[in-house]
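What follows is chain A paired twice: with chain B in the first complex and chain C in the second.
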Partner chain A sequence: MILDMAFKNLIRQGMRSLLNVLVTALIIIAIIFALSLLNGFQAQALRNMSTTDVAGGHYRVPGFDILTPTEWEDLTLPVPQALRHLPHSEKAEVLVQQGQLFPNRRLFPVQLRGINIDQSLLDLPLHTLKNGRMEIGETIPVVLGKQMAKKAHLTVGDTVVLKWRDKFGAVDALDVRVMDVAPMINPRIDEGVVWMRLDHLRQITQRAGEVTWVAVKRPVGPVAGFEFQTVENLMADLLTLLKHDRRNTRILWFFLIALAGISVFNTQILNVFKRQKEIGTLMALGMTSKKIIRLFSLEGILTALMAIVAAAVLGVPFFIWFQGVGFDISHLSETGFPVREKIFLDIKMAEVVYSTLVTVGIMVLMSWLPVRKVARLEPTQALRGRAIT
Partner chain B sequence: MRNFFHLKFYGLILVAAVWGCLTAPVGAQEIDPDRLLVEIDNNMWSDTKFVIGRLVIDNGRRVRTLGVETWMQGVTKSFSHYKSPARERGTKMLKLENKLWLYTPQTDRKILIAGHLLRQSMMGSDLSYEDMLEDEKLSQAYTAKLEKTELLAGIKTLVLVLTARDKTKTYQTRKIWADPKRKIVLREQRFAKSGKLLKRIDFKDYFATGDRLFPRRMIFRDMLKDNTQTTYFFDEIKFDLKIPPKYFSLRILKR
Partner chain C sequence: MLKIQNVSKVYRVGGQDFIALHNINLEIEDGAFMSFVGPSGSGKTTLLNLIGGLDSPTSGEVVFNGFHLNEMSRDQLAVLRRENIGFIFQSYNLLPVYSVYENILFPLLLNKQKESQVRDKVMALVEKVGLSAEANKKPAELSGGQCQRVAIARALVKDPLLVLADEPTANLDVENSHHILEMMRTLNQETQAAFIFSTHDEKVTRFVNREVALEDGYVKSDKVKQPNGELI
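Showing the complex of A and B:
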């Protein structure tokens, strides 16, 4: 009977109930959207890092840190025996050196990255280098990322002077030819990076057989002279950033929930105030305070349940549409995030259920809190509408 | 008619002789290139040296002038103190052996210039910090070979190709235009291993100071850049003076 009454009351409140349901539904949609968008962003960033740079971890020369370029130039070693036999699909040998490019006769410090051109572990758009010759002619073939090419004002076919130092410290310079300007999905391997064949970089720097690191599909145990850097280590900065982002999303989540709670709380206070005579009548007819509280609380619960249905009706088509168009975040790639162009939602069911349950729980709590004062009402005062002033 | 032919014949011989004098490595048989290099070093280098000078840096867009005082001891120790402009005043640079420290009063810190930083432009000039470290006696670091003779600004010079004695030298090849009479260098070119020209230095307005000849200015050009040049004016120079050891101590790198 109470359920029937609660439902009828809800319908009778018309626009007020509808607005409550809609606000709550939109908040549920917004929470799921924000969480799923962050998931999508995180998944793409980690995937891009993994497929273009990190793979399953790096065997690095001890002491090498990509963020301290003034110190790492001479941190190269011959490829260890334990990694030599790995097939090209399971390892990528990389040599990193410093260089100076002179596009339009301006100085442009760059990182020279030589990668074994036969490797297939990392997904890099360097196929134009594969077709080149092993011997260095008058120019060295290189590939640039789009961002790098844009900043250096270089295009395919351009020839520009590159200066570097060899293993012994002697300065050398030669023209490099831009064979391709390739879209890199990871800006960390794009901006300031000049890609060339590993054999070419080894040859010009006199570092025959040497590498800075070997990216592997999976760890092969300890390797003498090298230290293994796990995926977590290599992505530590990114993971920390994402952790902060998740915390920020939680703050947003909290505000949205608070907004929904305040909305229901406000409605319930208004209900109790405006429906004093109804409460007095129900009491006069013999309904206990507890039952009246239950009735009002049930109205709040029904609002929350209807909001879930509305969220499903409005949210599902919206999410389907969104997955088709994505969210343009190309501007973020300039800040160093390994993401490009668009991200898509990564909806996790556990998060959806959890968020919905928490929202409903808050709604129920907010429905119950204001109507507690019904228990203290005098039926005679309530009938005259003077119990709450 | 016969006399005319004789005249023509002797004339040709005379022209050939003059041409030979100008183009052939004149006096090459008497001049040992390595010996000449030693004599050039003897003229330029002394145990100690103090210079008050100006670095005029023209980067193609604007010209900056830095006032600098430099104390040098041998080839391994050097201390520079920048006096002007206001922005650079108090900046100090200390070279000890193959290490270079930079002190800026704004940060009140001394920085060891190492690795990649060495290749950066020094104070926006055409010189790199590495070039500062490379300041050394040519005769000790290079072997010389006479390439040709050439007229440079009306002076007959010997063009010597210098090859580094060991492979750790930044510039494996240099070329100098030396005046064999005055034992001075008029021009120097520094090359990459590949043979690409990287730097050019012109030594101008030699003047006598004591028993030496020293250039009044040196013009540095980074040949990989456009429209840039750095001129080092030597306004005052003193040789073989006593320099207190504190000038070559890290303790001097403070306000």
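Showing the complex of A and C:
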């Protein structure tokens, strides 16, 4: 009976209940959307990091730090025996050195990154290097990422002077030719990086057989003279950034839920205020305060339940549509996140259930809070419409 | 059935005590059909509220059918009203979301009866108050007289011992008032429910069997209808 009454009361409030249902539904959708988008973004960022750079971890020369270029020259070693026999699909040998480009006579410090051109562990757009000559002739073939090319004002076919130091400290210089400007989905292998064949880099720096690190598909146990950097280590900074994002999303979450809560809270206050006479009548007819509170709370709960239905009805088609088109974040390419493509939602069922439950829980609480005072209402005052002013 | 013993009601208004009822003593028998009359502010509503357990006296006590209302909790009073007392209000106070039929059914549902078992009873009552054609209409679609008839049916549907009506005719024109009073008198005779209503309408006098006049919170007179039709 109370359910029937609550339902009819809601219908009577028409526009107001509809608005509450819609606001709550949109908020549920927004929360799930924000969380899932972040999930999708993170998943893609981590995937991109791992397919273009990190793989299953690096065996590195001990002490190497990508942020300390002045030490790169001292931190190279021959490929360790234990890793030599791994197939090209399971390892990528990388040598990192300092260099200086001189586009338009300006000095442009760069990271020279040589990678074994036969490797297929990492997914890098370097095919133009693969078909190049083995020997270095008048120019060294290199590939730049789009961001890098833009910063250095270089395009395909350009030649530019490169200076570097070899193993014995001698400074040498030669022209490099930009064979390709390729889209790199990971800015860390784009900005400031000049890609070349590993054999070329070894040759010009006189470091035959040497590497800075070897990326592997999976760890193969301790390797003498090298230290293993796990995926988590290599992505530590990214993971920290993402954690920060999570926190921001949670703040958004909180605001959205507060918004929905306030709208229901407000409706309920108005309800109790405007319907005092009705409450008084119900009391005169012999309804206990407890039951009246239950009735009004139920109206709020029904709103929340209808909001879930509405959220499903509106949300599912929206999410399906979104997964079809994706979200283009190429404009974010200036940021340090290794994501430059479209991102898609990664909807986690647990999060959906959790978010919905929390939202509904708050709705229920907000429906009940303002109605509590009915318990202390004097029937005569309520009947006169003077109990709450 | 009803004993009102030394009942006083004091309101505190702006730090001052205002005595709305002074030491009222009344005894009301089963099946009474009576009114409280008096000018505005004389305490009629206050007294009805005390009788119905909607409010409690500052001193004295109300004993209804053996129940001492002072000693009962809010919830117990609610149950007492639910089972034994019907209310009729000046402004009808129907539930706006419910149809005529549902409004009249409502007190029975509150008393945990099944709709299927009481449908006929409710419909019979709808017919008795002359609203068969309006059974499915909402209160907003009814005239004042029709609303008050719904309210009467709602008060009576649970076969109460007592019906309290606070100025039931104040919002109605002469003809409708007449109708309503006539109807209440008939129902009083048929159901043996006692009716007490408050009014300052002189026309009511000729319908009632007893008239208690209040003034400034005192009982000014208590007249009973004689066989010749006069109230003395």
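The definition used in the following text is that the second predicted complex is superposed on the first by the 388 of 389 C-alpha atoms of A that agree within 3 Å, B and C clash if a C-alpha of one lies under 4 Å from a C-alpha of the other, contacts with A are read in each partner's own complex, and residues count from 1 in each chain.
Everything that follows uses one rule, which is that contacts are C-beta pairs under 8 Å (C-beta built on N, C-alpha and C of every residue); 3 or more make two chains touch, one makes a residue touch a chain.
Predicted, not measured: the structure shown is a model, and the values here were computed from it.
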Quick check on the chain A-based superposition: chain B and chain C, clash or fit? fit
Taking the superposition as given, does A:K8 touch the first partner, chain B, the second, chain C, both, or neither? second
Going by the contact rule set out at the top, does A:S289 touch chain B (first), chain C (second), both, or neither? second
Check whether A:K146 is in contact with chain B, with chain C, with both or with neither, and answer first, second, both or neither. neither
Given the overlay on chain A, how many degrees, to the nearest 10, lie between chain B and chain C at the CA centre of chain A? 150
Touch test for A:L383: chain B only (first), chain C only (second), both, or neither? second
Quick check for you: in the superposed arrangement, does A:A173 touch first (chain B), second (chain C), both or neither? first
Give one of first, second, both or neither to describe whether A:K373 is in contact with chain B, with chain C, with both, or with none. neither
With the two complexes superposed on chain A, say which partner A:R47 touches: chain B (first), chain C (second), both, or neither. neither
Just checking: does A:K217 make contact with chain B only, chain C only, both, or neither of them? Give me first, second, both or neither. neither
Chain C versus chain B - closest C-alpha approach in the superposed model, Å: 74
Chain A residues contacted in one complex by chain B, in the other by chain C: none
Which stretch or stretches of chain C touch chain A in the complex? 49, 52, 54-55, 74-75, 78-83, 85, 87, 89, 91, 93, 95-98, 106-107, 109-110, 154
Chain B partner contacts - residues on chain A that touch it in the complex: 69-73, 98, 100, 102, 104-107, 109, 161, 163, 165-166, 168-174
Listed in rising order, chain B residues that touch chain A in their complex are 114-117, 119-121, 130, 164, 167-172, 192-194, 196, 198, 224-226
Quick check on the complex: what are the chain A residues that touch chain C? 1, 5, 8-9, 11-12, 277-278, 280-281, 283-290, 378-380, 383
